[in-house]
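Look at the two complexes coming up: subunit A is in both, with subunit B in one and subunit C in the other.
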Partner chain A sequence: MKKTVVISALAAALTCAGAVGPAGADPVDEQLTIDGEAMITRAKAPEGHPFDEVLSGWLFRTVETRALETDSFTNPGMLEVETGEALWNKVEGTAGKSCASCHGDAAESMKGVAAHYPKWDPETKRPINIELQINKCREKNMGAEPYAFDKGGQKPLTAYIKHQSLGMPVSLDLSEGDMQSWWDKGKERYYLRTGQLNLSCASCHEVSMGKMIRADHLSQGQINGFPTYRLKQGHLISVHNRFRGCIRDTRASYPKAFSDELMALEVYVTWRGTGLSVETPAVRQ
Partner chain B sequence: MKWARLFATMVAAAAFAGAAQDVSNAAEVAPVDVQFTDDGVTVSLTGMAGNPEEGANVFKNRKLGNCLACHANKAMSKELFHGNVGPELDGVADRYSVPELRAIVTDSKKGLNPDTVMPGFYSLNVGVHVAEQFQGKTILSAQQVEDVVAYLATLKE
Partner chain C sequence: MAAPKPRVKVPKTASAGDIITIKTLISHTMESGQRKDKDGKPIPRKIINKFTCEFNGQKVFECDLDPAISANPFFEFNAKVNESGAFKFTWVDDDGSVYSSESKIEVK
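Showing the complex of A and B:
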């Protein structure tokens, strides 16, 4: 298993090395199937979207990276999804419960759930994502400590829950609570130019979408495959970690994970991927 | 105001003191004092000519100009990974004069187009929330800009 991954990563690196000069400017015209199931990687954009068509990040990756995602056995992220499954069934906290104690078989109870997150949380009066929902259950229902950002089982358990919606199209209900105003704030943040390099999310993922920035093929920056498995790091990468990394690359200070700013951005960026299949765990270079 | 400027210049100078040979150049123009005219920026930012070899290094070095991130350049075909966010720079000196090239590199928002994604390399007109270690600093020093401009001037077809 490990060996295949290393070889594929090497192959990917070699393919890139050949590509001196502006190469591979367009997303590929191919169909993604995972274990034989067709995924929606191109969808008609919702009204008010800057693009006509929303595109999965899968279409922008190399042949080798794309291939890894087509089969659960070659997708190295699936090992962490299995870790997530064990956590789902693990009793923790003072109430002596696991996730399964309340929700039973995730394949049934969690199917389709993550395709509609972030959702409005009337109790905290802000949007809630899967990571925060897990923490809420841990504290309230299990009497367990919440996971710190990206720590403990947060990434594998999030990936396991999102994986139960594999293939289902992303759609948000912006009419719940104040979701619309969080969408507005997220949109503002998306177009905000930050840092010494003076770039917004849109500078790279809208204006320059499809172009090469050094060795990287710029995608639409979609989050339908998160947490994604990155070959370079060799583990899962969460949405807020990716956001923070992109902001840091503009030479700006970056907001805390799950801060109002990043939650608003998650609401808005999720909407920008409306209609794409959930691909968790997607594979990236 | 004056103090703020002076301070910014001092910070910027201090940051590059290790890299540039002679930053204590009295003729150096502070970022906020650069004059953009219809012909571009006509005066050298340091009062001295740039060095094209140094400029080539600034151009490709990821920690300096990292121009190759966005621009392909056949003269550097040995370097891996040329981007295409911006136009190819082959023959760029046939299209622009030296003062125009200096304006583009100093502050592309003034030298090219106010909405461009190209960063201003000697400008304090930056985005919000600049990380602490970059506050009040320009991406390149005045001399590094002159060096890059001297290098760009060699790109003729």
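Showing the complex of A and C:
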């Protein structure tokens, strides 16, 4: 029996699929499928949105980076999702419970949940995101230590929970509690110019969307794929880390993770991606 | 770091003579041996140094890995299949551990 063996460089095989160069800096017109499931990467913008169409950051990446996300086997972020699954079932704290003790199978109980976060939390009277919801559960129901920002199992567990909503469109209920006023505050923050470079979020992700900023192709700055696997760091990056990184890059001092400022920004920026599929864990540059 | 866990993706069925694509991934830190810990002491090298794939006992693919290979090494390669059988994958660790995985394929 004769067998042929060819080492195929993934990149080389896919280069013929489409040419991306600095000249063609428009988002690509392609369909993202993950393990054969179609994702929504273009959606009609909600009323009051500065764009007509909201676009996933996937459309702005190179052929090779885009390809990584189409197969959950090649998506390096999936390793951390697996870690998150183990954490879901891990008993911690004085109550002797795991997430699964109350919520059972995440594939059922968490399906679609993260697509509607941040939500209004009537107890703390502020919006709550998945990270803080995990911490709340750990403290109140499990008797376990809350995770510090980006530490412990925070990123993998958040990614695992968000991954259960893969493909489902993002939508927020702004009528809950004071969500609307937090949205307003987030919008203000989005358009606030900061730092020595005097840039706002909108300077790059709205006014210059689609242009090249040196070697980087500016997207709409959507957060539907967070925590996202960034090739630059080689691990998962949380939304608040990304917010802080962006603000730092304007050469400004940056707010603390989960501060009022950044929670408001998360509400507003999530809303800007209304209708896009949850892509967690997305793969980006 | 959890124990290395191999993952493979092989089609379940194929036609005789088909060239199939095989993807493999193993979670492993691939500690290069060049780094130092907080106290300035070198962290000993611990990498996967060999990967092989056999089909029905016959070698299909083999390679040596060196310290520059990144964590969680991923391989993608093609193989021509003429008969049903099983692919056996093995990863050899510096500490002598051998991790393996097997995938069956039915050729129609």
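As a convention for this text, the second predicted complex is superposed on the first by the 262 of 285 C-alpha atoms of A that agree within 3 Å, B and C clash if a C-alpha of one lies under 4 Å from a C-alpha of the other, contacts with A are read in each partner's own complex, and residues count from 1 in each chain.
Please note the rule applied: contacts are C-beta pairs under 8 Å (C-beta built on N, C-alpha and C of every residue); 3 or more make two chains touch, one makes a residue touch a chain.
Owing to the predicted nature of the structure, the values given are computational and were not obtained by experimental measurement.
Engineer: Which partner chains sit in contact with A:259 here, subunit B, subunit C, both or neither? Use first/second/both/neither.
Structural biologist: neither
Engineer: Considering only the touch criterion stated at the top, classify A:124 as touching first (subunit B), second (subunit C), both, or neither.
Structural biologist: Touch partners of A:124: none, neither subunit B nor subunit C.
Engineer: Of subunit B and subunit C, which one touches more residues of subunit A?
Structural biologist: B
Engineer: In the superposed arrangement, which partner chain does A:73 touch: subunit B (first), subunit C (second), both, or neither?
Structural biologist: A:73 contacts subunit C only, not subunit B.
Engineer: Of the two partner chains, subunit B (first) and subunit C (second), which one does A:83 touch, if any: first, second, both, or neither?
Structural biologist: second
Engineer: From the superposed pair, tell me which subunit A residues show up as contacts to subunit B and also as contacts to subunit C.
Structural biologist: None.
Engineer: If you look only at subunit A, which of its residues touch subunit C in the complex?
Structural biologist: These residues of subunit A touch subunit C: 1-8, 10, 71, 73-74, 76, 79, 82-83, 86, 234.
Engineer: Within the complex, which stretch of subunit A touches subunit B?
Structural biologist: It comes out as residues 16-17, 19-22, 25, 192-200, 203-204, 207-208, 211-215, 218, 248, 250-254.
Engineer: Which of the residues in subunit C come into contact with subunit A in the complex?
Structural biologist: Touching subunit A from subunit C are residues 2, 5, 7, 9, 19, 21, 23, 25, 27, 55, 58, 60-61, 70-72, 74, 76-83.
Engineer: List the residues on subunit B that touch subunit A in their complex, please.
Structural biologist: 62, 66, 68-70, 72, 74, 77, 79-85, 88, 109, 117, 119-120, 125-132, 134, 137, 139
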